[in-house]
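As structure tokens, here come the structures.
Next come two complexes built around subunit A: one with subunit B, the other with subunit C.
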Partner chain A sequence: MAKHPSQVEHSTRLPYARTKTLGRWGLPKDIRKNPWLYIMLTPVLLYFTVFNYYPMYGALIAFKDFSPRLGIMGSPWVGWEHFESFFQGIYFWRIIKNTLLISIYELIFAFPAPLILALLLNEVRKTLFKRTVQTLTYMPHFISLVVVCGIIKEFTMSDGIINDLFSFFGWERVSMLLESEYFRTIFISSGIWQNIGWGTIIYLAALAGIDQEQYEAARMDGASRWKQMLHVTLPGILPTIIILFILEMGRIMNVGGEKIILLYNPSIYDTADVISSYVYRMGLQEFDYSFGSAVGLFNSAINFTLVICSNWLSRKMNNTSLW
Partner chain B sequence: MRRGREGAGASTLGKIFDVFNYTFLTVLTICTLYPLVYVLFASLSEPTLYMQHSGILWKPLHFNLNAYRLVFENPMIIRGYINTFIVLAGGLVLNMILTAFGAYALSRKGLRYRKQLMLFIVFTMFFNGGLIPLYFTVKGLGLTNTLWSLIIPQAISAFNLIIMRTAFEAVPDSLEESAKIDGANEFVILFRIMIPLCMPVMAVMLLYYGVSHWNSWFSAMIYVQDRSLYPLQLVLRELLLLNDASSMATGATGGDVAMIGETLKHATIIVATVPILFVYPFLQKYFVKGAMIGAIKG
Partner chain C sequence: MNAVTFFPNLADTPFGKALADKTGVQVKYIHPNEQQTKEQFNLMIASDELPDTIEYDWTGRSAGSYPGGPEKAIKDGVILELNDIIDKYAPNLKKKLEEDKELDKMVKTDSGKYYVFPMIRNPAGLVFRGPMIRKDWLDDLNLPVPTTIDEWETTLKAFKEKKGAKAPLSVTYTGGNFEIRDAFIGAYHTSNTFYIGDEGKVKYGPVDPEYKEFLTLFRKWFAEGLFDKDFALTDSKALDNKMLTGQTGATVHQLSGGIGKWMDAMKKQDPKFKLVGAPYPSLNKGEIPFIGQRDFKYNPGASKAITTAAKNPELVAKWLDYAYSDEGAMLFNFGIEGESYTMENGTPVYTNQIKNNEKYTLQQMVSIYAKPNGPYEVDSRRNWNTYPEQDEAVKIWSNTEAEKHILPAFLTPTDEESKELGKIMTNVNNYKEEMFVKFIVGKEAIENYDQYVAQIKKLGIDRAVEIYQSALDRYNKR
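Coming up: the complex of A and B.
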């Protein structure tokens, strides 16, 4: 955020803004000048230091054989050993594959769902109907993950309502959460159920921002509603779609571990286990702290790279970026 | 909303589309709501009848409120509620004060190293040390197995801080200047000028933090071992997902246990969800505003 000259000029009228000219001893002087600002900042910076930066330092245990008794500094270095055993481990490809597959299915199925709903809602001209649909569809967004997973579990049990419906069509009853092949479908579709309405908010806002004259002009040219959608509506919200898509790309390795930990069980690890659930299991359930940290650090590093790349892409394509 | 487009729907094709569209949206809305309605009906049903039943529930089977009586008699659930309320109250006070402090200080254009400090905070949104080092940090501070572990590590969300800062930046400088001339210090300016002027954003923040405290379970699972400190969501997890209903059905014997567990499940879901579903229609315009500000800032 480069400061525009006029802005600086303007703000010099404020007492604390004179720091610009204070030179080497500027900071102590600045603190004396605006003590309250620094008093406010202190707990905030302390919070980020303790709960964000200190754990980054703590991630060093990924390169050590950490024992809580010896502490981070005292534990012996082992270099890349934990990373190597992770990369060569039998579960490496399984969790990478599961993480990627779930993310990709989310991009294919869950990402367009709110967009489609927003486009359909946009064609509704009865305001009351539109508002009702909107209000009701984003209700599930606020339900806790624990409750959502509880409902999923109950509905997919062999005597649950989904099996009741399927058996009506002659299908066999199965406990779906115990069968690997259903996990991804359950995960993605329940995610759509929970978030489709919420996701439309941004698109509807973008749709409201489209210049109405464009529709009039299109109608003058004899464009049907379908053509108007294709040539006015979609191009109008394309930047929004691209930004959201790129953001989503940046999160590709970040599949919701909490939901998976709530839903999975050993019999479906082969499709359900992802990086974050593996970190939790290895690190905090099996107490393999250093190994768990190594896997976690690997994930953080990849996520960070993805965010940087997608931000760069977004700046290139869209002239919009996160920083 | 688009009054000028009325004419465009007049064609036959347009009408067919309209019929399809309204039908589709109605079906979608029903599908979204029905799972919740089902749970509501089940919670109001007689457990024996419910367990024999299969397929769609159209109404409660032999309406009764016994399940709710069980919920409100259950010590674990009551305890869970109390713990969640403690975390909610303590957490929100800390969240709001610290986020406002950070947002205000960083919104002051004259602050030294403002840009660097922002980067310091924004960076935490993209990179972290991972679950296990965080666990040891919290443990090292002696917070584990206390309700503080659910409050302090969640004190500030960088994302919310940025939203609030954007709102503070939009307040005209002249207001602050005149307050300074009147001898106000930064605290007075923040609490007397900034916060009252940014009430909608403050409401959004309160709701975002509130919902996240209400729904949170993972930190409690890793930091809290003492069952009497379990927040509501963790009690729910035992009940709904770990098949631990038996431990909940205090005073029941034999075959009753399974049935009571079944009944408790549905009623607890309703009891744990209603507060949020109840407040949100009144507050949804704020939620929507928050989602929008968030979206604009990325």
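Coming up: the complex of A and C.
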């Protein structure tokens, strides 16, 4: 007997959604009950302790005048000095604006792109065609970023292929990476090109998990293909979308610094310079470790806040959350 | 040119083996990735995992060199003060320093501390970079080698119209460095960076009123398509491509990395292809160029400091000192007798294997048997030029007043001054580079030049000039 879609809404929880809380003395008891599980967990915990938590104490240098020889503990404290000089610097608002804008454009254009492709692929009934499209769209994901950026540079040069194309329609040839107004478009669209196929994998997996009976029921109720997608498919993968969205929110201020560093040049700093590229220039190229680290810390604090907020919001609204 | 192109490690090259043989010291070399030397150096310092000796620029002057300079590096406990060590364990170097007072002044700090085993350049090898132009095109068009800005403009126009050059003049621009350096800028009696004015005072070129005239010129050339439309994206690979495919007919580049390399590459494809050095352009005919490239006897980038991590600094010093001995000098300059060079009438001559290798250039071959750059004294008999045009270019490029105007690279601001200087120049450089490109591509009105100058002043350039002035005064007193 087929269930109506509204009745199954909450049964599509993801496996890592919270199911049960351990009581006050629950943990030791649980360890005794499942020793092997915990032993298998140890390497993971170790990994995070060593590579993710231990280095965090290095963030201290944001409050110090770090000198490599004196070490982290030995360097003198300077309090909020580096933060202040960042907030008062002439580029503060510009890099905040650039970071936010690029992220927002990514959320608007790049985030839904794999979802749309996945939905489209889902409607395709010819397996061979579907496979081919999938493989072709995956491939750019495996090209190294350095190569991708080299390609982008070549294509956007004043005598590159994109200019060849546009000049055919009577546009004037411009060196596109010298023009600040093109940068965001180039950045976002090349990102979509590179990652759209890869991004569809998770959605396609989620789509495969939708109960076929629901479609049957919908068809019996007279739903068209479009209505089926709207009322069965979309609600079916909504938790996945939300989880991915929350993860994306956590990276909102973390615009891919590497790619920007590979692509930008001083003439487009006004749209291309973001927090991470600025940290790279100041911290590593100019040797100002403490300053770079202060900016980085500030950035992480914002990201942290954003994840917490979006997670909370999503739990309130949808009952779906990361924790 | 890097030996690592052929061998994964310098120790495996014939040179490395010969050096180990002679000195009895087995050395483990670590080679940074060429593109990321600066980042890797910074990471190495930050992680405090130092090898015994590091070949790097410690002066604190150039981009990427140890910030704060040698005094600070010694005070930070990164490298050793070498006075005692040189006295006791480096007799060959000591002799050279005693004989050459000018060199001695360059390789020590204001307070008289030695900090590296220096690379000492051959006095004839101080000029190796400048404007160059396609001579075969000039001949076709019946034009002389341009000397003034006006002549350059005529020539570039002709290159564009009659030779189909898409970017008649192109220079590399990598990592925020415009490699035109002082060419063209010097025509207006200023410089791309700090320089010494006619009155002997330190000045900062990019805020001079004359600098605006240079920007106006290049803005015009850019708009007219005489100067590469993609100039801010042109790295050395892109420039190679432009030169070799006839998109570019003139650039500012190096003797062997430019003239030599490109002529080699075109030898077979287009035997007519010919590049010659052009004089640093001036505004009026017959003027001696105000400034140009001219390096110093001491090459800090190819010099080695001994780090505090060295367990046996005496041995390191002895090993390094070998390069300054007569025997060591031959190995470092020419390689192995009978293999890479032979003595003819008392003069070392590279063998055919090195000179006329089918696949590799002279420099590439030399890098296996000798050390093209490094802490030793370059022999005045050494000449890597493979074309007469190269010898000619050196003469042409040498005819400048650079010696009077270039700020010595070995000024050592004090610890406090360096810190202040660092903060100022980070901001100034960032802002200057951005505005530089914007002025040239026409995105910023040239009328805003005064605002740009005001902003740089606000960022503290006057203080930076002051710091360099006092460092220069101290340098002159050394």
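One rule holds in what follows: the second predicted complex is superposed on the first by the 251 of 323 C-alpha atoms of A that agree within 3 Å, B and C clash if a C-alpha of one lies under 4 Å from a C-alpha of the other, contacts with A are read in each partner's own complex, and residues count from 1 in each chain.
Just so we're on the same page, contacts are C-beta pairs under 8 Å (C-beta built on N, C-alpha and C of every residue); 3 or more make two chains touch, one makes a residue touch a chain.
Since the model is a prediction, treat every value here as computed from it, not as a measurement.
Chemist: Which touches a greater number of subunit A residues, subunit B or subunit C?
Modeler: The larger set of subunit A residues in touch belongs to B.
Chemist: Considering only touches as defined above, state whether A:113 meets subunit B (first), subunit C (second), both or neither.
Modeler: neither
Chemist: In the overlay, answer first, second, both or neither for which of subunit B and subunit C A:289 touches.
Modeler: After superposing on A, A:289 lies in contact with both subunit B and subunit C.
Chemist: I'd like to know which partner A:157 touches here: subunit B for first, subunit C for second, both or neither.
Modeler: second
Chemist: In the overlay, answer first, second, both or neither for which of subunit B and subunit C A:253 touches.
Modeler: Neither: A:253 stays clear of subunit B and subunit C.
Chemist: Tell me which partner A:175 touches in the superposition: subunit B (first), subunit C (second), both or neither.
Modeler: Second partner only, subunit C.
Chemist: In the overlaid three-chain picture, which partner chain does A:300 touch, first (subunit B) or second (subunit C), both, or neither?
Modeler: first
Chemist: Is A:267 contacted by the first partner subunit B, the second partner subunit C, both or neither?
Modeler: In the superposition, A:267 touches subunit C alone.
Chemist: If we overlay the two complexes on their shared chain A, which of subunit B and subunit C does A:102 touch? Say first, second, both or neither.
Modeler: Touch partners of A:102: none, neither subunit B nor subunit C.
Chemist: May I ask you to decide whether A:67 touches subunit B, subunit C, both, or neither, giving the answer as first, second, both or neither?
Modeler: In the superposed model, A:67 contacts subunit C only, not subunit B.
Chemist: Touching subunit B and also subunit C: which subunit A residues?
Modeler: 68, 153, 159, 284, 289
Chemist: Can you check the complex and tell me which residues of subunit B touch subunit A?
Modeler: Going by the criterion above, the answer is residues 1-2, 4-9, 11, 13-14, 17-18, 21-22, 24-26, 28-29, 31-33, 35-36, 38-39, 54-56, 98, 101-102, 104-106, 108-113, 115, 117, 119-122, 124, 126-137, 141, 153, 155-156, 158, 161, 173, 176-177, 180, 185-187, 190, 211, 214-215, 217-218, 222, 233-234, 236-237, 239-241, 265, 269, 272-273, 276-277, 280-281, 284, 288, 291-292, 295, 298.
Chemist: Okay, in this complex, where on subunit C does subunit A touch?
Modeler: Answer in residue numbers: 38-39, 42-43, 45-48, 64, 67, 76-78, 166, 173, 176, 229-230, 232-233, 422, 426-427, 430-431, 433-434, 436-438, 441, 443, 455, 459.
Chemist: For subunit A, which residues are in contact with subunit C within the complex?
Modeler: The contact residues of subunit A facing subunit C are 67-71, 89-91, 153, 157-159, 173-175, 177-178, 180, 265-267, 269-270, 281-282, 284-289.
Chemist: Give the list of subunit A residues in touch with subunit B in this complex.
Modeler: Within the complex, subunit A contacts subunit B at residues 1, 3, 7, 10-11, 13-20, 26-27, 30, 34, 36-38, 40-41, 43-45, 47-48, 50-59, 61, 68, 72, 117, 120-121, 123-125, 127, 129-130, 132-133, 135-140, 142-147, 149-151, 153-155, 159, 161, 164-165, 168, 193, 196-198, 201-202, 205, 208, 212, 215-216, 219, 224-225, 228, 243, 247, 258, 261-262, 276, 279-280, 283-284, 289, 292-293, 296-297, 299-300, 303-304, 307-308, 320-323.
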